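Working notes for the structure below.
Should a chain be cited, it is by its letter among A, B and C, assigned in written order, with residues numbered from 1 in that chain.
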């Protein structure tokens, strides 16, 4: 009797305990979803939702007066790389698009490489400063990072314009007798992007260099490595995550750059961002603009995926 | 039902973290009764479930199965802020944005006590932990030992029915820890509150507790007073975890009722009380404390015989490692007041004698 | 001469490149600032010191209006984004993984991953159809767009602060009879406050600086300071632009400096 009594009592608490725990967990998860709701709704309305609409638009028929006809079509995606000849209806590569694609990739890679060449020594320099001044140097890199991109582009424009500082100076000294045309060239765009995105290279590089254990560098020297060998065989492999992070962080916004090529490239030197805008403006080909946007987004996502893969593998090696 | 309800009663409590492959059974059908006004210690290595049990009593976790009774009332599913139980955290968890006094008064304030009462209790608590002059300091401006006292005062201020202490002394240095052990004992005595203390330090457990529960892998292996746990460990784990122990295998050769005879590895037979399941021919493990073994001349009457392998001097005592003929090594500790061990040298053959009551037969 | 001592940390030429970098970063900005005080109309030939471009910029009605709109949008968007980000940070930190956690996390960070121009055209399409449907062309579109892309920036420091916070403090509060709401009010919130302020400042600067999304979302006649400047850059530039930029930079730098020292102090 007594035994069966405790048995049933035990069974009773067993069930209610498990149920109560599950109910508690459900409540907790619901609360967390509710707390996230305002942020999620805002993002759904003003970021994620519109992106899905772009995806839909890329599969619609263009309305030559702007906008779309609600009719399924793969023309836009087709037109990203191919075009039909107006006269003989044969398929050709869309040279205009492809050359802009190619220029975007080329300029972005060029910017990334330049940023690495300048950024690596700069990050190293900051990381090897004494504790006190390191903060100040880092602050000096951070300031341009948070200041207006348009103003920084404007500042660069003032330097390289035909009537700008560089040309005025060269003319005044007498090295040249006509201003060098730098504005509205690929060079100008690359300079501008290097200028505005350089901090994005320096900051992650610094983050991994700050963690660098200099006893490893000492060990390198102890084992007869020269400075260059220590750099190549010890330092660079150790800060590789920073190099990857910095390169991706410069490459992605370069590829999608809009303001810098618009201001410094004028109408002549277009990049992907300007090509997209063109389709929504004068081009009046919204579906093509949408398809181009999705293409850009895909390239960026692939780059991010590579980044996540690389860094998570790095993390896995540590754990 | 007993007339005076136990302070805390855990009945068939299990706690499982995670699910599937990652499932961890932190507590496995644990039952324990903690009496009113006792200093009860949960002792065990890290990961044994002692902190989980404490957190279940505090209400920071909910049991997967079973019930927890506080003075006879089921509390397993009450949130922590509805349980008359307070905790001293391992890292103290003092609110860094509040002063010492604000920290101590926090619980009373939350209970909605009038300001004057809060003030009075805070002052009384500051006196209890001898911290009156640091009342208005920020908690970041006081030392580790002082933070400990504030944490204690803060947990005692609402006069909980049970005070839970989660390894509160582990962050203190040796000297301070010794002082705090005595302080804690004093405070438990003065306040009359039931203390449940979690530690992995067996010495701490032995010196402070009224009763100890030794835990391992989510189970309670033995509950008893410090001397019971030390002198009569129930199994190999308890014997090994608490103090130093020699384990010697023996064989049951005779049995009449509870009385029997066992044969030691040396062939010597001794009389011993036997558990019911140990039949003739079965093997048993004896736990023998090093200080309960005497070194004697090898040619006299001895229980075991061996050769001195190593001598380690410890000040108050000397430890001899004696290699038996069976190859096993036995540790013998001798107090440094007699003179004869000085003439012993490594390589000498010695005899060992052990009082029968010092041979504890372990549960399998 | 004494022999130069060997330094393990030195790499040949690195310091020089670094200094060139710093000069490269600051020279254009400083030049821009200096010429804002130029008495002449050129941004290259120095003709003496004067405040005239500042006076002119201050008297320019378009500048006044766009600056006001910039501040209005940045203030509203930053406050909203910070409130939402704080709630989201509380929901996504210090928890065992629950269903949807990764999805929430990814959603919050979308604006950081998607190229601005793509978001801009997406919003253009979406808001344009709403504008046609409702006829409403006010600043709500800009506020919504800014709030959305400010959320991840506000979220970052708040989340960082929460994760570095000792979780036992709230458990201790609960242990001392504080209900969840009172534990939040008395313990979590005061400790989280520096993170919230940092998030607010970041969101404010990010909103203030935005050009691309604003340019695509704004209705006719609406201009923030950056889009006004973008329009002006196509014309002959006078030092008035330099003056506006200098004031703008001054405000940004002040906010960033404040943010920098606030977050550094706490570490």
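Assorted remarks:
Note that a residue touches a chain if its C-beta (ideal position, glycine included) is under 8 Å from a C-beta of that chain, and two chains touch if they have at least 3 such contacts.
Fair warning: this is a prediction, and the values are worked out from it, not measured in the lab.
In terms of which chains touch, the assembly is arranged so that all chains touch all other chains. Two chain pairs, A-C and A-B, are compared here, and A-C has more C-beta pairs in contact (counted per touch definition above). Chain A and chain B have CA centres that are 57 Å apart. With centres set at the average Cα position, the gap from chain A to chain C is 17 Å. Within the complex, the chain C residues that touch chain A are 8-15, 17-22, 24-29, 31-32, 35, 42-45, 80-81, 83-85, 87-88, 90-92, 95, 98-101, 104, 107-108, 110-111, 113-127, 144-145, 147-149, 151, 155, 205, 208-209, 211-212, 216, 226, 229-230, 233, 237, 241-242, 245, 248-249, 252-253, 256-257, 260, 264.
Those residues of chain A whose C-beta lies close enough to touch chain C in the complex are 25, 28-29, 31-36, 38-40, 42-51, 53-54, 57, 118-119, 121-122, 124-126, 128, 135, 139-144, 146-152, 154-159, 161, 163-165, 168, 195, 198-199, 202, 214, 217-218, 221, 227, 231, 235, 252-253, 255-256, 258-259, 262-263, 272-273, 276-277, 280, 286, 289-290, 293-294, 296-297, 300-301, 304.
For chain A in complex with chain B, the residues that touch the partner chain are 10, 13-14, 16-18, 20-21, 24.
Chain B makes touch with chain A in their complex at residues 11-12, 62-67, 74, 76-77. Remark: chain B residues 58-60, 79-82, 85-87, 89, 91, 93-97, 106-107, 110-111, 154-155, 158 touch chain C in the complex.
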